[in-house]
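Chain lettering (A, B and C) follows the sequence in which the chains are written, and residue indices restart at 1 in each chain.
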Amino acid sequence: MSETIGIWCAAFLTLAIFSFLYKDNPFYKFAEHLFTGVSAAYWMSVAFWSQVHPNLCGNIWWPEAFVRRFLEFTYVWVDRVELDGQTYAANALIDGSLTPEMIQRAELVNHVHVMYYIPLILGILFFTRLIPKIAYLSRWPLAFVMGMAAGLRLYSFLQSNAMEQISATIAPLAGTPTVAEALNNLVVLIGVFTGLVYFYFSREHKGLFGGLSRVGVYFLMVSFGAAFGYTVMARVSLLLGRFQFLIHDWLGTMTGAGG
Amino acid sequence: MDLFEKISSLDRRWIFLVIALSIFIPLMLPFTQPLSVSPDVRAVYEALAALPEGSTVLCSFEYGPSTLPEVHPMARSVLRYLFQRQHKVIVMALWPDGLFMSRDILDEVAEGEYQAEYGVDYINLGYKAGNEVVIKSIAESFSRTYPVDTRGQSTTSWPIMHGIENLANIDFIISLSAGYPGTVEWVQYAADPYNKPMTTCCTAVQVTEVVPYVRSGQCAGILGGLAGAAEFEVLLMDEGWLTELGAGNRGMASQSVAHLVLVLLIILGNVAFYIERRRQRKF
Amino acid sequence: MLLKRWIPLFILVFVGVLTLIHWFVPHDPIGSLGRDFSQFFDIIASFAIILGAANLLKLQSLKISQRKKGWPFNLVTIIAFALTAWVGLNWHSYFGSGHHYLAGTHVNNPDSHFFWVWWYIFTPLSATMYALLAFYVASASYRAFRARNVEATVLLVAGIIIMIGRVPLGQQFTAWLPDHGFWSGFRLERISDWIYSYPNGAGQRAVMIGIALGVVSTSLRLILGIEKSFLGEE
């Protein structure tokens, strides 16, 4: 039953979005606003259950009585269970292998990592953005995120997107097996070099430099053309997916063929 | 107003209708045409075929419902091939909805078609927030990054994870990608620094972004969009791994007609533009 | 000044330098600190998502309280948010009974209400929004994709060849050409493959190298404390 209602609901929302193709209307507006609300809550829930709950809450201190009282919520935070000289994995708390009486007697070992108060504090500081007077404090977590991203990307982009690419442009020129491959590699070398010349803005694009930059533009245009072709392919595939849903899943529930 | 002026000022809703029909009609009246397999798709197959039976393959799901029609058919074919070759499949997701995508495909292929045993033949580690940091993190330790799997059990308790401490123990990486984080991040944070072979099944939009990695050998081939899925199905069937073509090929009729209609529209628009421009120059 | 400028700058430089060193020195204490920082990054990013949701609620509520045009639709957003958040955060929210009510497992359980919302509401909305673009790409191509000069013509021709050469019906136009030998190179799929592999590959590589150099220099400026625009400074 919930599946049938779901399919009708999905079909209504699909058609509501498509109705925008004719003109803006209340059905589209409804679907659009519904999407905003649902997706915000969806992402929030996923972020909470995948990070905040296991990784943050699991590393900071909680009263033991609380952990014992709400085991179905807190078992993820427990590192191991010690009972009568035996050690159990935290799963033993919820999979029925320990009786409630045994759990009462057991020692729930949970390591507290003091360092994890740092992301807790920084995370909370993000919310100062909502209070204009102290909004500047939100720069702290932002600084952490930016520092991390800069440190990560500096090396990865230098290695994978610059060094490896330059090497892959030049290296095949030596020892190319066939004339056709040699010509193709030459095309790549010319394309990459002239393309980079086009991106060099510290010098006026005139004379030989201007000519090279113009060749570079043609290569870039081919890339944009290819990107356009592939974008069309992608969008058509997605539209096809929606049509397949409407025809097979939705209309199928009415004829009894799908669902 | 003559014909060319009419063409130039055509209401866009007519164009919408033409595009809708170009997809709808072939969907209702499908036809098949032979499809040629491109070298990059063949490269993916060859990279997978070179793996010895029983290798450990990491499949990362980085797409969601919006790109499901493109990437799902590729994921299905790739997993069918992996299970037929008796590889151990470790599944994870860098997108939250990638988790649902992986569940859907694993339910269908691993459990439905091959009766693969969870925890022995495959495992689903689930989603973890953090994008490329997650990749860096599994490069050091799977169990620290994923203490529990999607069934809520300790990751290390499953037989498939015995001896799999980090990325070094993985034989091959497959990124099923629709954007950020995705194939680019796998190349930058896993394939290059740890010298791991990998390939990608990505959306058509991503193809041009990933192609330099393929040309430089950082990524072994590429399955791009629905056409990539269709070509891979054709190849698997030619090699005897599939008995019938799948969703990739089923969509090719509509895809073909829509592409041709769009090209015709562009040509028509340009013809009208030239005739208009010529007339303006005359007067 | 200390709270507004120096502390965030210190955090940025410290974290940036440590992350950079972590690439080359995986041993402790750098190794463990680097791993912890990775985890912190994930947690802080999750807080940012939650902040985003809070901000959305704040803006929507403002529009409702001021009775701005179309305010009932803002109410739809808030109700949708509240209902989804309820089934998302309440781990007992299932169809039927007999489930293991374990915190967080409902998020990926097909019997949960959260999954239902994701599959029957979020999925069609998100997929159709993207699919809508097919129509607009077509309309824009028809109206604006003109061969006005050499550059635009190159773009147009490359795009058309890729579009035709990648689909089976398009490949039929040159299917009469032989499969092997010199003339096979003129088959549409081969021309499309060549354009995609070489001129397109070269252009994309030039873009990639250009962006990489930009990212490297910006990251260096950040880590060295030269780039301070995130502090609202020039």
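We adopt the following convention: contacts are C-beta pairs under 8 Å (C-beta built on N, C-alpha and C of every residue); 3 or more make two chains touch, one makes a residue touch a chain.
The model shown is predicted, which means the values in this text are computed figures rather than measured ones.
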Sorting chain pairs by contact number gives first A-C
Relative to subunit C, which chain's C-alpha centre is the most remote?
B
Approximate Å spacing (C-alpha centroids) for the pair subunit A, subunit C:
6
Cα centre of subunit A to Cα centre of subunit B, whole Å, reads 16
Touching at least 2 other chains, the residues of subunit A are 21, 42-43, 46-47, 50-51, 54, 76, 94, 148, 152, 157, 160-161, 165, 168, 188, 223, 226, 230-233, 236, 238-239, 241-242
Could you say which residues in subunit C touch two or more other chains, in rising order?
23, 38-39, 41-42, 45-46, 49, 100, 102, 104, 118-119, 122-124, 126-127, 129-130, 134-135, 137-138, 141, 156, 160, 163, 166, 196-197, 200-201, 204-205, 208
Name the residues of subunit B that each touch 2 or more other chains.
16, 19, 66-69, 126-130, 133, 136, 152, 193, 207-208, 212, 215-216, 227, 255, 258-259, 262
Flag every residue of subunit A that touches subunit C in the complex, lowest number first.
2, 5-7, 9-11, 13-14, 17-18, 20-21, 29-56, 72-76, 94, 113, 115-116, 118-120, 122-124, 126-127, 129-130, 136-137, 139-155, 157-158, 160-162, 165-166, 168-169, 184, 187-196, 198-199, 216-226, 228-233, 235-236, 238-239, 241-242, 245
In the complex formed with subunit A, which residues of subunit C make contact?
3-4, 7-9, 11-20, 22-23, 36-58, 70, 73-74, 76-85, 88-89, 91, 95, 100-104, 107, 114, 116-135, 137-138, 141, 150-152, 154-163, 166, 194-213, 215-216, 218-220, 222-223, 230-231
In the complex formed with subunit A, which residues of subunit B make contact?
13, 16, 19, 23-24, 27-28, 66-70, 96, 126-130, 132-133, 136, 147-148, 152-154, 157, 187-189, 192-193, 203-205, 207-208, 212-213, 215-218, 224-227, 251, 254-255, 258-259, 262
Spell out the residues on subunit C that touch subunit B in their complex, using ranges where they run on.
23, 26, 31, 35, 38-39, 41-42, 45-46, 49, 100, 102, 104-105, 108, 110, 115, 118-119, 122-124, 126-127, 129-130, 134-135, 137-139, 141-143, 145-147, 156, 160, 163-164, 166-172, 175, 187, 189, 193, 196-197, 200-201, 204-205, 208
Quick check on the complex: what are the subunit A residues that touch subunit B?
21-22, 42-43, 46-47, 50-51, 54, 76, 89-91, 94, 148, 152, 156-157, 159-161, 164-165, 167-168, 188, 223, 226-227, 230-234, 236-244, 247
